[in-house]
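Paired with subunit B in one complex and with subunit C in the other, subunit A is shared by the two complexes that follow.
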Partner chain A sequence: MRRGRGAAEAAVAGPGPRVPGRPSPPPPPPRPGEMEPVPGRRWQKVLYERQPFPDNYVDQRFLEELRKNVHARRYRYRAVVFQSGAVVQQLCSVCVFVVTWWYMDAGTLSPQELFAAALVSSLLGYILFDAVDGGAGRRESGRTRWADLKSTLVFTAFTYGFSPVLKTLTESISTDTIYAMSALMLLGHLIFFDYGANAAIVSSTLSLNMAIFASVCLASRLPRSLHAFVVVTFAMQIFALWPMLQKKLKAQTPRCYVGVTVLFALAALAGLATVSSVGAVLFASLLLAISCLCPYCLIRLQLLKDNIHGPWDEAEIKEDLSRFLM
Partner chain B sequence: MGRASGERRCREYCSSKIVAMVLKVFFPSCCSSAESGILIGRWISEQNSAVILAVVHFPFIPVQVKQYLSEVQRVTKVSVSVLGSWSNSKQEKEESLSEFLEDLGTIFSHEPWIQISKEGDSKFWSCSTLQKHCNNPKEEEIILVYYDQRKVMLSHLHPPLDTATSTDHKADDASKLSAIFDTVAKSKVLFMTDRYDDGPIKLTHWQSDGVEASIIVELMKQASVPACMLLTFLVSLVSGICRSRVLTFWPLSFLWSKLSTCEQLGHRLQHLQVISSNKKAQTQTQLMRKANIFVSLLIDVALGILLMSWLYRKNRIGHLADTLIPMADHVAEELQDLLQWLMGAPAGLKMNRALDQVLGRFFLYHIHLWISYIHLMSPFIEMILWYVGLSACLGLTVALCILSDIIALLTFHIYCFYVYGARLYCLKIYGLSSLWRLFRGKKWNVLRQRVDSCSYDLDQLFIGTLLFTILLFLLPTTALYYLVFTLLRLLVVIVQGLIHLLVDLIDSLPLYSIILRLCRSYRLAAGVKFRVLEQRDGKPLRLLMQINPLSYGSVVQTYRLPTYSCYPKDSWASLCKKLFLGELIYPWKHKGEKQD
Partner chain C sequence: MGRRREAPRERRRPAVMAPCGSPGRSGPGMAAGGPAGGAHSVCMVSDFFYPNMGGVESHVYQLSQCLIERGHKVLVVTHAYGRRKGVRYLTNGLKVYYLPLKVMYNQSTATTLFHSLPLLRYIFVRERVTVVHAHSSFSAMAHDALFHAKTMGLRTVFTDHSLFGFADVSSVLTNKLLTVSLCDTNHIICVSYTSKENTVLRAALDPRIVSVIPNAVDPTDFTPDPTRRDDSTITIVVVSRLVYRKGIDLLSGIIPELCQKYPELHFLVGGEGPKRIVLEEVRERYQLHDRVRLLGALEHQDVRNVLVQGHIFLNTSLTEAFCMAIVEAASCGLQVVSTRVGGIPEVLPENLIILCEPSVKSLCDGLEKAIAQLRSGTLPSPETVHNKVKTFYTWRNVAERTEKVYDRVADEVVLPMDKRLNRLMSHCGPVTGCIFALFAVLNFLFLAFLRWMTPDSVIDVAIDATGPKGAWTKQYFGRKKGGVKEELPSS
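The block that comes next holds the complex of A and B.
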């Protein structure tokens, strides 16, 4: 529900200034006797002049400045559904990761197979990443291929080196604790993920770190250190690299992005269905709710919006003051 | 309680009288039976009081008296003058004598001229003043205060300790009193003249009982000069050896600074230097300090020799050595058991098995090394103890310090464990705290001393989180080892701390001052109290001044000898914080050193 709103807000170009939750109560209406104590003088809304009116006096013009729903936007259903794709993608990523881990834990998926698949998909994604915008993004960031290679080497070397430690890390801790911790961490990953909304809660660093923590926790339950190594690498790909590619796809080729999202969601569903059919049904309904029902609710509820603005609002600095800093 | 309140009442009485400009005459009680003569003393004009020091008997030649007085004034630097006359008539009053006494006032001009006379059988003294240059001869009230000249001369007035908090009134009183005490103490030379000396002037004042009784003291004084010189030579020789280059290069000097015995010996050496110095003590405080050090040293050495005589009888050293080795063995075995317990699942805690095994084996190997070292040492232990026990003749404190050092050496393995555990734990805590900031996407800004948000690279995040997870899951194991060894270390530290408290107590207790307070309580005065002797209309009020001794608490507080050992500077809260963060704690001194 929350994700849907965030994405929907992101659908319009940036959120506007915040609407105050409760407007201040309007001042009491002037009593008839005090309407015009001095016929000759008009009331002025200033404090620096002495006027023959009581302090709480306001005249008829007060409510003229009342305005309603200044920042309310009208959303288009298609756009909101398109933006909710980011949430669907992330949910699917978590689902795919958990299903993969499940297979590894059960022994039906060998680490070599997973590693090969992950390697191939990473290479494909890497090529795609540059191909989508014709290398414009790379030129802008100024990141060399040598740096990419170095990062890759660091990932693999550290993960491989630490995988024996990872394997024995949580031996004495009960499996349920680990599951609970991983679930909590993955939930945190979903909550703090940067879906494009501009909110204080969003922290892509924390989100990624929580995902890595969860993957390390889960990897430590696997039977061998090679398993742990492959799972952590896979987690890195799916939680760090895959969202970067998605963002680029979404910006450059929206159509292709929709297709990829649908395919990915279907793949995740299929994977989940092999583990648990009830889970698959629930997950499918969740995805549908997020991508179809939540945007609909948002648009319907938008009609009920009733915000009033007026001179009683708090002052708000709208200008960019950074030029004064010089 | 009652005495204190009485004193306060008297003081208040006096000070209130001073406001009304009462003339106070401090009269030495030993002169109350002196023959008639003139009064010599000091006039303190700002207090309107006269301190009488002696009585000069008739007959005398005024010029000689004046000469004598100027000589006294030169030596003592107290403005001594003739203050008045004194008549002690056993028979009925003679008119001529009183007239003569009044005439004396014209020879020795003093303003006011005090006339004190005592009738033969009456208890009441009459006292009057003569003011020649004053036009209004108003009747001034006079208070006669008797004081014990000897006690006042010998006593050392201590200003109230809480001068900052006390009112001006009280401080004022104290300064007035100290002026009187100073006057009496400074005119010590005046009292040196013997009763049997045939001088041109006959004086009455307090006198010592003579020098016959103190021949031994004189002999000791004579002997003390060469003894002090010899001592100085020896002390300078020893300190020269200690300061020589061979003993101060790096590892040895480090070793010396860690051994509490060396510290104690150095401290005692300083004390010896203070005692044997040829310079005369300038002030009362320095004198007391010297005496305190001397008595403390003497008692320390006496106790040490007592201990030694007990130790070397009936082969007690041998028994001690026989029990020491099994005890060390026993401690090592207990530690081994503890480690075995920790290597299992202690108290059902979830520990990381691999790390647990590694740490446990590491510590077990250490204990194994330790036991073999002890066994290597065991044949020599008795000999070492025998020689070390000889050092008890240097004082009980030295023996106690050696005991503390032996404990430190025998529990060296515990110290090692503690350091390993603390270092490991400290590393983890610091790593975790900084990685936790990374986990949240923050970092510590050193320049602004605050936590800032920071955007990290992907690889930094990955490695940081990986390490964070690993450290977090390994923390309980390390923390448990740290906790156990810290508790053991604290036990040892507490035992050593108690020993050092005892040593400090012996070192710092001002025994001489306490004995002085016990036997000659007037020597350390905290103030005075007045007792009313007689009060009758028309006659001067007569008071007896008695010295209030200093309380034992303030004696210890004032004359406490400084000690070398550094007390723990941090409070309990900071100690707990240090323990939590795994920083090494040294509550007393830096202890524990490598044997080889």
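The block that comes next holds the complex of A and C.
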């Protein structure tokens, strides 16, 4: 949104027709009677009439059609902080996933425990998903519970069946490469995730695929194929199902959403603290920066916004013209 | 760089006759005009010249011809087009240098700010050039020539032919380049007041060194002929390149909307481009083959023959600095309906044009208004419209006003090197300014080296062949010098 700056912007720094907002070039020596408007005749912005003004005449109306910041939006701090919750949540999801994997790798968390916890939270989430909007979303989509159950079963069965393959899939690849790749993929997941912005870079499919790829990579370093199965299903839950629930919470019960975000962030921080206290401190400061500092910067920089529009802009076709070809 | 030349510009062919040079009309004009402040030796530089087609090309050609008529010496410098390279003479001894420079993109040469200096310096010295007049902000050669001319201490004038936005990366970069190029240029010419505002903002200029001199059309090329049109139907004519920026998508919505409403309505579309397929689809979808005719690319001399077959001219452009097409149409006596964008509202008076917003609905309303006027017979006759329009824009007037600009810059001083560096650094921002100041110094050193290699005094002075009294018209000279080809621009 803040593109389109440059020379032109400096030019409109000052109001009025005297344009340059910087040391202006020395004006050419005016000739006698050249710059003065002719009394009794008003200058018109037309080309078809010969007017008694020199060609380089600058009228009072020069640049009067200039408009600034037509599409600029004024943000409120609280609203921006609220919206930054999506980013915080996604960062925490990645953090929770990595910490969980860490514990499984170290052997302190058994796959059965994780599977049980994930199953319970999934069921809770499933009930909550329908409860928050009173089943309105379900009626709209027309999806039956049987369909839900079927896809769950199919997915679980396939993951379970293929988990020995997942386990040995990357055996020939060095562990360092796996870590680097997972880090990269999780970063990609964060970059392409749909935080609600309408931008070309957003692609929820790509984002989810990258996260699942990262989870498969990491799962293949775990001791047994059951571990791999549990980690991949957990990744599915935290990267695919959890954001859907969040979105619904955010739309239906904003207060509740804030609470959930704070709790989730604290949980992620606590989990990280047990692994690395330095990491926890850094992560905490990152979360604070994203939820408090960045909104502040956005609002401050918004004041400096200086976008110019005028009759020279290319007109936009606002209608949907494809209807004529249907 | 630019979006201007996204498709080959097929619409215009060079005018075979010069408006000022053709024998039939030059008689009275010759006596009328004469350089007031002494003759100038003007060098027009642009990447765009015949055999390429387009608005800039014809502007350069017509302006040169009229300046020659007024007694100035004019030459044109452009890059080689295919096998057309070297020196050519056009009508009235207008000398054109086709320089062997590499074309990079859309007929624009590459810019290094240095490689063209030896050639251009030779030309400027040989021809005793006093004013360098560059055309079009898309032309790299024009910017190069301005840069070198300032190093050599020549007066510089620049004409901007197009509008540019501020909101995308390519505009930001070209606008910066324009700032650098124009910050020490003596005078700038724009084709409309909107274009002036745009250029002043883009290049951060003092508006007082920017003049507005509109384009012109040759009214004798665009005369009405009511016998050619079929008054049992209503024909709407569109002549434009079929590209997005000309609003062809809007046209594809207007055609079915109006054709359903008015059974006697016909559309005549001249021009070629990537959006032709959209119009063909619409024609197919609504079975309008007998009522929508797509003529394809038009030669310049055919444009008038197409225009006179219509009653109403429709222009759907989304952006336009100065729309020549609507002036041509009005000159042929058509009622013009156009979008209200760019400089279009300045071009024709309200009683000759119906301005609409760039939307299908608004344009349909405008066209319906025109149709209603046509049916009720309240439209002025084509002859009246033509007689009115032909007084608006003439190349002679353009040349006269351009000459005033030359007179004015001739009195100005060219910035000496130290002041030029200061201007660059203070005006173009700390980073760009310093970089280009360095380039200016290098350019100066390069020039000093060239002057040491071949001093100015060694370079031959070219024979002045321009104008009716020029060396070219003298019989003995033409026979002696067989090596130089003479060509009409149309060949």
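Following the convention adopted for this analysis, the second predicted complex is superposed on the first by the 257 of 326 C-alpha atoms of A that agree within 3 Å, B and C clash if a C-alpha of one lies under 4 Å from a C-alpha of the other, contacts with A are read in each partner's own complex, and residues count from 1 in each chain.
Just so we're on the same page, contacts are C-beta pairs under 8 Å (C-beta built on N, C-alpha and C of every residue); 3 or more make two chains touch, one makes a residue touch a chain.
Since the model is a prediction, treat every value here as computed from it, not as a measurement.
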item	value
Which of subunit B and subunit C A:F62 touches, first, second, both or neither	second
Partner chain in contact with A:F158 - subunit B first, subunit C second, else both or neither	first
Touched partner set for A:L169, first subunit B, second subunit C, both or neither	first
More subunit A residues in contact - subunit B or subunit C	C
Subunit B versus subunit C as contact partner of A:I212, first or second or both or neither	first
Partner chain in contact with A:A240 - subunit B first, subunit C second, else both or neither	first
Touching partner for A:W146 - first (subunit B), second (subunit C), both, neither	neither
Partner chain(s) touched by A:E319 [first = subunit B, second = subunit C, both, neither]	second
Subunit A contact footprint on subunit B (complex, rising order)	345, 350-354, 438-441, 455-459, 461-466, 468-470, 473-474
Subunit A residues touching subunit B - in the complex, by the definition given at the top	151, 154-155, 158-159, 162, 165-166, 168-174, 203-206, 208-209, 212-213, 216-217, 220, 232, 236, 240
Sites on subunit A touched by subunit C in the complex	3-12, 17, 19-20, 22-25, 27-31, 35, 45-49, 54-56, 58, 62-63, 65-66, 307-308, 310-319, 321, 324-325
In the complex, subunit C residues that touch subunit A	163-169, 171-172, 175-176, 178-179, 183-184, 186-187, 192-195, 197-198, 200-214, 245, 247, 249-250, 252-253, 256-257, 281-282, 285, 318-319, 321-322, 339, 341-343, 345-349, 358-361, 392-393, 401, 404-405, 408, 411-412, 423, 426-429
